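Following: one structure in structure tokens, then a few remarks.
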Amino acid sequence: MPTTSRPDLLLPADPGLRALARQLYALAAEQPIISPHGHVDPALLAEDRPFPDPSRLIIVPDHYLTRMLLSQGVPPAELGVPTVDGSPVETDGRKIWRRFVDGWHLFRGTPSRLWLEQTLTEVFGVDTPLSPATADAVYDEVAARLAEPAFRPRALFDRFRIEVLATTESPLDDLAQHAKLAADGWGGPGGKVVTTFRPDNVVDMEFDNWAGNVERLGAVAGEDTGTYAGFLAALRRRREAFIAAGATCSDHGHPTAQTLDLDAREAAALFERGLRGTADAADAEAFRAHMLLEFARMSLDDGLVMQLHPGSVRNHNRWLYARHGRDVGGDIPQATEYLHALTPLLDAHGNDPRLRVVVYTLDEYTFTRELAPLAGGYAALYLGAPWWFLDSPEVLRRFREAVTETAGFYNTAGFVDDTRAFCSIPVRHDVARRVDAGFLARLVAEHRLTEDEAAETIVDLAYRLPKRVYKIGEQL
Amino acid sequence: MPTTSRPDLLLPADPGLRALARQLYALAAEQPIISPHGHVDPALLAEDRPFPDPSRLIIVPDHYLTRMLLSQGVPPAELGVPTVDGSPVETDGRKIWRRFVDGWHLFRGTPSRLWLEQTLTEVFGVDTPLSPATADAVYDEVAARLAEPAFRPRALFDRFRIEVLATTESPLDDLAQHAKLAADGWGGPGGKVVTTFRPDNVVDMEFDNWAGNVERLGAVAGEDTGTYAGFLAALRRRREAFIAAGATCSDHGHPTAQTLDLDAREAAALFERGLRGTADAADAEAFRAHMLLEFARMSLDDGLVMQLHPGSVRNHNRWLYARHGRDVGGDIPQATEYLHALTPLLDAHGNDPRLRVVVYTLDEYTFTRELAPLAGGYAALYLGAPWWFLDSPEVLRRFREAVTETAGFYNTAGFVDDTRAFCSIPVRHDVARRVDAGFLARLVAEHRLTEDEAAETIVDLAYRLPKRVYKIGEQL
Amino acid sequence: MPTTSRPDLLLPADPGLRALARQLYALAAEQPIISPHGHVDPALLAEDRPFPDPSRLIIVPDHYLTRMLLSQGVPPAELGVPTVDGSPVETDGRKIWRRFVDGWHLFRGTPSRLWLEQTLTEVFGVDTPLSPATADAVYDEVAARLAEPAFRPRALFDRFRIEVLATTESPLDDLAQHAKLAADGWGGPGGKVVTTFRPDNVVDMEFDNWAGNVERLGAVAGEDTGTYAGFLAALRRRREAFIAAGATCSDHGHPTAQTLDLDAREAAALFERGLRGTADAADAEAFRAHMLLEFARMSLDDGLVMQLHPGSVRNHNRWLYARHGRDVGGDIPQATEYLHALTPLLDAHGNDPRLRVVVYTLDEYTFTRELAPLAGGYAALYLGAPWWFLDSPEVLRRFREAVTETAGFYNTAGFVDDTRAFCSIPVRHDVARRVDAGFLARLVAEHRLTEDEAAETIVDLAYRLPKRVYKIGEQL
């Protein structure tokens, strides 16, 4: 779904470069969307119900938006963000919308602004520029669209030309929504909507109620997770179930990139300390680190591509967490070390091309020093797209400028939208494609690449590369 | 005071971008100057005496200049920098000037070069390009200007269109110069020249003669600073006096950004160890860190905006420090961690919009990873302008490119000149305005912002935002 | 040897900037090449034999190339990289060439691609674009050239307009090749090919067989290296021999930038623990750090310029190291701290302009925070060109954008090719000159520098500055 209302959006200002970039972008814009990692609720597509009102669709669940207003003193409750204790928040969609639009200027120069504007114009066909004066009119236009059948999730999925969308579930999930999708011809291996195996809640001892989760894992998998061997067996069972539901990837969100290769006895001892409640923070870190080695070994057996998302300090804003819970914008990046952290994993399996590990970062100050040299030197490593806070035009550009010279294009994994905002998916991919077009245009203009090569590369980046790296469409 | 001799100075080279940037810059150039943080000696404006000779005005006190010549082997004594032990240095202004101009090529590509050139052309009207061949002629022209009444400090202040200038004083200062300014109608709350409360010399146990300073603080404030409670009371008293002299801000220069929320007993114990001379480096760090929490609490009471300048290793060049003392260019940045360091302060008051903390950095490799996400997620935090070594065209541009996407424009605090070089103030602000114009022009050219929005934003950045964030003109 | 087939290669896309850059580049392109640091085998020029086949010349020894193919699963053995245990590898030059060219797209956007393309067109006159379809034809053309007398090393040296090339040898080297070069009028003090004193293998206790190397050092130098005093004496002797063979520099490759000023007794104790085999990792680090102080003192006596290359984790890829040994691409950068690490050295001699220390980095995230302020504040410090992984167009540009504002141009040391690939030397210098021309053109276009100054500066950067900083052509 190429965007049309601002054809030169994000393309370089220099007229010569822009002309080149326009041609390259046109090739990218034709490609279907591969969305190998994100957080769309599978029920959305399984049930295919109409979306709720514009505010509940666009504002309430988007912590990029509510966070920015909080930074200027607007409490999330005024924007309808639910509270942990159920204390009342604003529920009138129109009031939430107005409150939000009052702070619209705060988003100048941000990707949130770009994504929302493009969602309004390209997805909803609303050409009225958003401003406090037009807030109601825009709200009404979007609300009217949402009532139309063409704006139901599955219709949009097809209109967005999404080829495959991967959602993310925990091993405790019964995958019922994915079963329904498969029954409707939308899911299952090689299907349009697939799942991803994300075991953080049973791997991270610091997760709320980890021991309870481990017990539930046993129940779901039909294994005795009271022992470490049973725990591993249960994980293997759930991976099988996920693969049967179309998964081609696992995903791991850890505070650091630490990996560790313990022997089975040490690992079992850690696991038992965890269950007994006597594990400390170092134990928890060691167990997470070691489990990445276990998952790498499982990947060598079952073929799931590993995704590693390190470096986020979760729920840093304690007031926000106490009032509104997880995943509402209180996560902040910390400095992330990769070289020494990944050494145990790379020593064990780094040169094995059958393993595939896609590493993401929240710390752009590792691009040239660690990430590009590692990805350019180990067969198993790929660089994921700049992630969260970095999934923006300026950083997407800096990412290419920084990593290409050492890792090339083909050790990167293509764009990932990583979003729960379904309606913004085409727009986010569009932004990345435009930035890549601008970067490639510069390489051509500087005589570092031929036009033919750039044309092939932009299609690889937009479509072929993510499909291949994440094994999209493959049956494991 | 817009600059005129090089109308397109620093504007983007691309003709389309330049045309846009020119229009935006013109709007910024019309704005008066808000200088909310700097080190101009208030006596300069209180006494309004003529400036001394060109070298004593421009070279001797500017460690950016003397430092660069030292890096090429020219001892500061040859440039007239006074010695700690009073051993003789060059005193002939003309000789100092010539010696400096011999090294003029060293400054190619530096902001010092830009600032000095613009000061010569725009402030002194000297159009002769500086070079060894013209050194004497330029010296004579500047010297001639300095003798004219129009080049007295207050006349220049008005010509520079400075609306408010904040100086920086320690709590031990009797604020006599500010009293004189107030008496002349130039100072006091809401006045043209105001002070800033900078308590480092009574907060940092590693400061020369800290215990003596604490004792003097008691004397100045009329409190018994032999106890921690009395120490806090004395600080509160001095803050009142500073507010009465027009202060709207405090300022805190610490080696790290560490904050700490001790209970009163622990804090008192640290304070007492300091007075007894038994505090170690960790005690000093803990006390500095804790005092930031105390100052945050005082700010909630009295309204002073906190400025935090962390990350400088003071007096790193020991030879320079031994011979020439503090503040002559021996300070070097170190890696600065913000996320964990600021946690205690943010846990306590980070979501309280009544508190305002402006954080600066010497470490640009924190822009996207820590600073922008923090400022974009906490109501109390604002990002100060790139500081010292980073207050340059390239970094001002990179700052906008890095932080805007996550923090927007409105969690930044506007430009700060941070200078003791009074004559360079308009020129430094002009440089920042030009860079912002170029950045905004690119956003417009890339269809990320409308021209109207860019026009409003540039005026916000140049004038409205610093005025609001630093409470300039407000009566606390 | 200016390049001609793509006259605007790497110059800015904007037509105005490009025109300016073209003029500046033309001035740089006229300059002879000063190559003050690299790893060309002196036997190449001493013996002046024809080069072997294209693959053995271009692919097998270039770990930039074999590393990238490894990152996509191609084992180095398939590219002819010799094994430690002598197990067989591909030996057919044509097969190696084809295998490599199959992965040619992997290098899009990398400096390896640029260097190889330019080597083919500018050095070998091969205009056929490289691709799997043309692999054989290009191989044959290069092979034909290599058989011609004009492509013997000395003929190319003259055609490349190399004025001086420094090779790198260990103190254990007998310098026989350099003696032959001197006998032929090619070497010795002030000669065309000189050596560099690189003592890592006798300084780093963690080096393979360090104690044995120390013993050999004694034998080569005619000193008893069983004592620390004898060890130092032997190093001094070898420095004399290196100076007699034309050396003007030493070079030090350490995992960190740590320096340390131990007293003689402590240093001797460390040395003895090392010889007895009881030194631990901390001892090894302390000894390396201390030896930098010893070498600084020797430099003050004999005038050798120190080069410091810190921050590489050697042989990180253990599989690669086990199979193929050192220097085949398994080195990865780590975060490098300079400020505190260099303090002991700077405290002792940092303000002494007789000492000259050129510091390199693999960690670009120190450019503005540490490296530029240090080089701009200490007389003894110069910044080396961006090194390995960073010796690329984008980083060369970012280096100028980052360090110039604080260190200026004249605290940088000029480009260093640091290569063992003799045929790529002119091409690598050409790339750096083009990037500098583009940067200077922008400064001119933004009215930050006059055209005359830019013209002088580009020649300084390309020729005068490296010659002066590394004392090239000087007789110590």
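Order as written gives the chain letters A, B and C; numbering starts at 1 within each chain.
Criterion: a contact is a pair of C-beta atoms (placed from the backbone, for glycine too) under 8 Å apart; a residue touches a chain by one contact, two chains touch by 3 or more.
Keep in mind the model is a prediction, meaning the values are calculated, not measured.
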Angle of rotation relating chain B to chain C [CA atoms, steps of 5 degrees]: 120
Chain copies touching (chain A, chain C) - same or different residues, decided at half shared: different
Separation of mean Cα positions, chain C and chain A [Å, integer]: 40
For chain C, residues that touch 2 or more chains besides their own: 12, 14, 365
Complex contacts: residues of chain B adjacent to chain A: 12, 14, 16-17, 337, 339-340, 343, 346-347, 350-351, 353, 365, 368-370, 372-379, 381, 400-402, 404-411, 442-443, 445-450, 453, 456-457
Complex contacts: residues of chain A adjacent to chain B: 6, 8-15, 67-68, 70-73, 105-111, 113-114, 129, 313, 316-320, 329-330, 332-335, 362-365, 389-390, 392-395
